[in-house]
Amino acid sequence: MFRNQYDSDISVWSPQGRLHQVEYALEAVKQGSAAVGLRSKTHAVLVAVKRTPGDLASYQKKMIRIDDHMGVAIAGLTSDARVLSNYMRTEAMRSKMLYNRPLPIGRIVSALADKAQVNTQNYGGRPYGVGLLVIGQDETGPHLFECSPSGNNFEYYAMAIGARGQSAKTYLERHYEQFAEASLEDLVHHGLQALKATLQQDKKLDTDNASVAFVGENQKFTVLEGEALTSYLARLGSTDAPAAAAAPADVAPMETE
Amino acid sequence: MADGISAPIEHRYSPYTDNGGTILAIAGEDFCVIAGDTRQSEGYSINTRYAPKVFKMSNNSVLANSGFHADGVTLAKQLDQRIQESTGEWYRHAHEKDMSTPAFAQLLATTLYGKRFFPYYTFSIVGGLDKEGKGCVYGYDPVGSFERYTCRAAGSAQNLIQPFLDSQVGITAVNRAEQLSLVSVIRIVKDAFTSATERDIYTGDFIEMFIITQEGVETQLHPLKRD
Amino acid sequence: MNRQDQLLDGFYRRDTYSPRVQDMYPRDQPSAFAGVDPVAHTQSPIVTGTSVIALKFQGGVMMAADTLASYGSLARFRDVERLHKLTDTAVLGSTGDVSDYQHVQHMMERLMIREDYHNDGHKLAPPHLFEYLRNVMYHRRSKNDPLWNRFVLAGHHNNTSFLGYVDLQGTTYQSDTIATGFGAHLAQPLLRKAVESRGGPQNVTEEDAIKIIEDCMRVLFYRDARSLNKFQRATIATDRLEITEPYSVDTEWAFAESIRGYGV
């Protein structure tokens, strides 16, 4: 993607009918490390790979709890994700305060989309530089949504965002028919396998860089990290992951996370 | 007015009412028991036999409110939003851990004092474990002045129960409570409520009891006389 | 000395040594607020409805209220409906000021419309509506501008019955039986006895419930001078919400002839 004369502000159309700034924001999501979401009839699961700037640093967290029934995985600008997740938390609390009702997942996702849209139409502004996978459980069951900087949002059976997310999507497309009836453990396993497909050749999922979260009926939103993942990773190591689709050329990770 | 008969009937509005009810808490060596009856009254009427007034706020702090029920519920809800894991958010989101009971006790005091000139009409007690893991109890007045106790009763049967607790548990920091076992503390709590139910019309129906230990919070419900 | 001054006097001329603001500004000095009355909100209801009674039964909830709206002791309006269908699963009954009740009706209506606009399958269940109403009532009492009502919210959603009370002070409770106003004294004991003697609401059939409600409404008509023998009854059960047209129960007045002051 190259600079051109129609990308200096968000509110300027290109003659081809494109908003280049929005498309750049979508690129920012692709620079973030991968996050995968999938759901069954009873649970929704997120898995993600965390990045670290080096051996001396901690890993950037990828999962954010919104409420007991909802959480997100992020890819892109972490600081933008913090703004959005704070907004989601405020709305979740407001719903509890006013109606004593856990905030319906679809509603907050629409509200998020409205916020993102505003940033694609105002001069001098910039779109959010983060993509979210939102999972949650409400009266209508478990849900998985993707929120993107363009203001689009879709509900999915399974979805991946972030660097080389396409490889994960290939895995998900091949296996999604099994997800509906899968147990929570199997769902996490599928998620990790999809996530594994996004890794560079020399990288592995381990207790340091993997992050798992899930929610369901009678299951509060829970994040598993570190030693808690040992059994899942052991199972992952013992299965032969399907050959990943040819990964696109690696994009150099910028200061996105 | 002396000649009450000739006075016109007057409906004066008050933003407060008294819903009765009794709460108490006892701090043990490594546990804390905090309990309340579940009756809600207004005048001579019993509104309901089960309206909880003791609330689990986190994995180690429990709040009990007597007095004006609506304020008690609002207060608990407001505090809940600020602290704990299951519904409350800000403290946990910021620190990713539960608030300690002494910190919660201070939060309650500032929250109550924040409404110094339109107070929450609640007599509150907080029970939990302190940083050393010892049982702790805090008692409050409606505008937030508070103190740590080893045992404390509040509400409509406060003056029936507090002397009993003082005799059975003691009032100083170094006292028998540290030797009292959980079993005997539970017995004292039950005895206190059973006796209070006999003489106080605003106490009865059920005891809802919360037992706080290192392992977490356990809830028990025991019947009281319903008359 | 007028009444207001008498009241103020009680505050100002108390025998105390504490340096209060009132003491520093003698009352015979002209005040900056002279001639300005403090903001006054509703201090009493005007047109009022009397008791609402309700109980849970096996698989549902039943509620009743008569159709009288009194102006003081005057039976002013005789066909005012005090049971309002909120959703397909919830009914709201009101005691107290009728105009405040109608205001709440409109407010809840607006809430339902806002909710329907989402069109996403999510509905406000009875407990959610109840919490909303509690917030409204508590908020208004906190502004010292109360909505002068005692509300009963009955609902049945996902095979769970809900019965809750909220009043002008924001006081709330839930119970198997609820009665407001005079009903709290006359009907509540009858309702509790009827339900408890059967071992709980799960043993009260719908026929039982109708009988219990009608007996209570009869007692209330006999004894409550602000009541009317013309009432509606709402039933909220699985996949069913119905509010009857106003109807009456049979009453017996022959004995009244022998009561001194009524008959001869």
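Each chain carries a letter (A, B and C) given by its place in the written order, and its residues are counted from 1.
Methods note: a contact is a pair of C-beta atoms (placed from the backbone, for glycine too) under 8 Å apart; a residue touches a chain by one contact, two chains touch by 3 or more.
As the structure is a prediction and not an experimental result, all values here were calculated from the model.
Take away chain B in thought and the touching chains that remain still make one piece. Geometrically, the chain at the heart of the complex, using CA-atom means, is B.
By C-beta contact pairs, the most connected chain pair is B-C. The chain with its C-alpha centre at the largest distance from the centre of chain A is C. Centres computed as Cα averages put chain A at a distance of 49 Å from chain C. Between chain B and chain C, the centres computed from C-alpha atoms are 29 Å apart. Between the Cα centres of chain A and chain B there is a gap of 43 Å. Along chain A, residues 97 each make contact with two or more other chains. By the touch criterion stated above, chain B contacts chain C in their complex at residues 11-17, 19, 40, 42, 45, 47-51, 68-70, 73-74, 118. Across the interface of their complex, chain B is touched by residues 42-45, 138, 141-142, 144, 146, 165, 168-175, 184-185, 188 of chain C. Contact residues on chain C toward chain A in their complex (touch as defined above): 118, 120-122, 124-125, 127-132, 135. Across the complex, chain A is touched by residues 77, 81, 85-87, 89, 93 of chain B.
Partner chain B is touched in their complex by these residues of chain A: 65, 67-68, 89, 92-93, 96-97, 220.
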